[in-house]
Amino acid sequence: MKKIAVYPGTFDPVTNGHLDLIHRGAVIFDELIVAVTKHPKKELLFPTDERINMIRDTMKSNGKIIVESFDGLLVDYVKSKGASVIIRGLRAVSDFELELAMALMNRKLDPGIETFFMMTSELYSYLSSGVVREIASLSGDVSALVPDIVHQMLKDKFMSDE
Amino acid sequence: MKKIAVYPGTFDPVTNGHLDLIHRGAVIFDELIVAVTKHPKKELLFPTDERINMIRDTMKSNGKIIVESFDGLLVDYVKSKGASVIIRGLRAVSDFELELAMALMNRKLDPGIETFFMMTSELYSYLSSGVVREIASLSGDVSALVPDIVHQMLKDKFMSDE
Amino acid sequence: MKKIAVYPGTFDPVTNGHLDLIHRGAVIFDELIVAVTKHPKKELLFPTDERINMIRDTMKSNGKIIVESFDGLLVDYVKSKGASVIIRGLRAVSDFELELAMALMNRKLDPGIETFFMMTSELYSYLSSGVVREIASLSGDVSALVPDIVHQMLKDKFMSDE
Amino acid sequence: MKKIAVYPGTFDPVTNGHLDLIHRGAVIFDELIVAVTKHPKKELLFPTDERINMIRDTMKSNGKIIVESFDGLLVDYVKSKGASVIIRGLRAVSDFELELAMALMNRKLDPGIETFFMMTSELYSYLSSGVVREIASLSGDVSALVPDIVHQMLKDKFMSDE
Amino acid sequence: MKKIAVYPGTFDPVTNGHLDLIHRGAVIFDELIVAVTKHPKKELLFPTDERINMIRDTMKSNGKIIVESFDGLLVDYVKSKGASVIIRGLRAVSDFELELAMALMNRKLDPGIETFFMMTSELYSYLSSGVVREIASLSGDVSALVPDIVHQMLKDKFMSDE
Amino acid sequence: MKKIAVYPGTFDPVTNGHLDLIHRGAVIFDELIVAVTKHPKKELLFPTDERINMIRDTMKSNGKIIVESFDGLLVDYVKSKGASVIIRGLRAVSDFELELAMALMNRKLDPGIETFFMMTSELYSYLSSGVVREIASLSGDVSALVPDIVHQMLKDKFMSDE
């Protein structure tokens, strides 16, 4: 039976840290679905279709990776895709507690779905979408932190703001 | 290709928290090898063969689970078994930091091996082999914390001590 | 002399985790006042009177428990009720630090008032009002997480939203 | 009914941080039993009778405080004294996790016994028996960290060592 | 060569905890620049010129301390001042993780700039600008937490609100 | 006046993470004294003179760095060298709490001595002397983790053990 895993997130924008996890996850599972949250509670810099496209563009050569948006309860979405695993990255203790609570709650909502945590590479331990947005908004250089297409989209975004 | 995962530990003794993780891990992978550390740096209550037998006894009905002892570097052992995944449980922040360092170091030693962390069920969040040993040594009741065979072995151990 | 304790919170809505703490606290003290914050800085789902009523309804059979709203500095309120103890629940490390700072500050403001922390039951370690609100807003099932009356009120709230 | 609380510890030696907690706890309960662990797993600097005497000497004027040694499971001891509350101090996150696990385990062993945590005063946040032992062993000045009698006993101990 | 350090922050308002760090930092370096963030992402209680003036007023007798506002990327500002050190205070674990990420990111942006962390005095471990704002807004007494001029400015602010 | 900083530690053995901190610290101060603890409480792999020599060998080209052993209270040693700053590295939350307590205690013992914390490079976040000893003892490859001379000394040590 095909083992499918779901990697959910806001990806606003996707960073090199996310990409590292996606590639490592895709080695282990038969299919990895990157699930882009349509309506997160936080305000967004990029609309859903742009957040999807920047991941798809970067991932296009890997046939095991699918990029989609989703809405509603994560466990319902995971089940609807025939998946049994949620993948999440852990960088820090503050991540850990929130993620632990979410994983326990998701098991409560559907005991058939398992959450696996992968450690973010030490190279990206300080990296988050929020940090990228902040540095880009101050005209700092983020070219080492995100794929080229995102670098370009950030430049367009913050130049058109000025 | 068969997906094999290794769940390493000292299991001195195995607890219901370990068993929960083993069963949940075996659902996701084609084979789960429980790897019992032969010579951990801490002093042991049970010798290696007893630690293996108490897990084998409890797991005997599940054909996907193999129980073995191992020695030397974990990544070398994992590779020698044709496995690409290490599974570890996370209970608390203090676990988290040590485990993060070990996972990063293991990736340094062999980038082809991935560590997946599973959250311990909230029912076992306070449970560890050390706590079980301490309560049993004070004649407390550990029957809800370990499988029957371990409960019996602990009783034998601490009665024969008196 | 009557020992009175105050358990302050926003309770938006009250969860089974809160109720567990209230009952355990009421065993130890002669009177337990559940103090519902009138004007917390966060936006509310339920108005103050509904937050009071959902707790009163659930607690009605326990004569030692009083439910009230309060305003202003917590230490002033505690003193005005003739109480000398504040009770707070601890779930996680992130709770811990904020709570430690608040307890030290409250002792600075009034050294005669003591804060006691109780550990949330492991069964509710992942549970918070925010998690309940989120799951309910996505039409997830929260019946195991809150008392019946709150379950009903959440259903009414989010149905009328649609 | 008399409300009795037990404050267990090794007290090797008692510090000003412990004394602060003992006094604050004795204000809230009708009787506070300081329970000195007879056989902790760690090696001791002071034998049990000296650890008891240094607390008794400092506490002699407070009629609500009793100092005793104890052995075996803490929950059994607490019950045998007619107490329903265990008091523990919290200084730091690392304390917190261990204490959380112990409190949950003790509730598992006896649900009728409640653990209350008190925050250590900010003045003693860095203070522990281990730190006192280390500084005293290096001939550092610990007079601001422990009661006079302990200061004297430490001087005697480390002078007679030389 | 003159050693210059920069201590950046929002200081809304400056507290006794900040002042303690500023004085301790100024002992070690030849010049300490207190850099007040002009446009932090959070909403402000005091405008930039008032936040500068309250620090300048308190620091006026110390010739090594300079107070300025700044904008844009911190590392660019630090470099423009001929400084090579950023100073930050650490109070708690939650501070620590955010600060670690920021320090690593700043080293990525400019490896020639070093971040030094100083521990907040235990006397101010519970103190933050946010806590001061909250207590003052509830008419609590903050005179022991901030310098006199800030105390006065807070009184003016919240009285004029009523 | 010459600004002297002391970087104390056991260095059993020195790692690339330590060396990174030593070099970064030596940029900021006029002199950096690497102070090797003579009698730490833990058991040692390398005697004091070998621990000193492995650092001296690696540092020989940098005239600002001095390597010495020390004994007794750290604050007394720091003062005796005319230094006013202690430098410590922070990798993780568990480091943080212990280091915070030590820094506060050292300020208590001598308020004239300041502790500065530097964040370990993300490249070495998982690295410690203990991890190096363990991997080397299992014949793992530590050549990327320690300077060449230490790599050689570890090989000699563990080969002669077999």
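So that you can tell them apart, the chains are marked A, B, C, D, E and F in the order they are listed, and the count of residues begins at 1 in each.
Operating definition for what follows: a contact is a pair of C-beta atoms (placed from the backbone, for glycine too) under 8 Å apart; a residue touches a chain by one contact, two chains touch by 3 or more.
The structure displayed is predicted, hence computed values, not measured ones.
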| item | value |
| --- | --- |
| Chains touching both subunit D and subunit E | C, F |
| Maximum centroid distance from subunit E, chain identifier (CA atoms) | B |
| Averaged-CA centre spacing for the pair subunit C and subunit B, given as whole angstrom | 38 |
| Length of the line joining the C-alpha centres of subunit B and subunit F, rounded to whole Å | 34 |
| Whole-Å gap between the CA centroids of subunit E and subunit F | 31 |
| Touching two or more other chains - residues of subunit E | 93-94, 97, 100, 104, 122, 125-126 |
| Pairs of chains satisfying the touch condition | A-B, A-C, A-E, A-F, B-C, B-D, B-F, C-D, C-E, D-E, D-F, E-F |
| Complex contact set, residues of subunit F against subunit D | 72-73, 76, 93-94, 97-98, 100-102, 104-105, 108-109 |
| Footprint of subunit E on subunit F - complex, ascending | 3, 24, 27-28, 84-85, 90, 93, 96-97, 100, 103-104, 107, 114-119, 121-122 |
| Subunit B residues touching subunit C - in the complex, by the definition given at the top | 93, 122-123, 125-126 |
| Subunit E contact footprint on subunit A (complex, rising order) | 92-94, 125-128, 131, 134-135, 138-141, 144 |
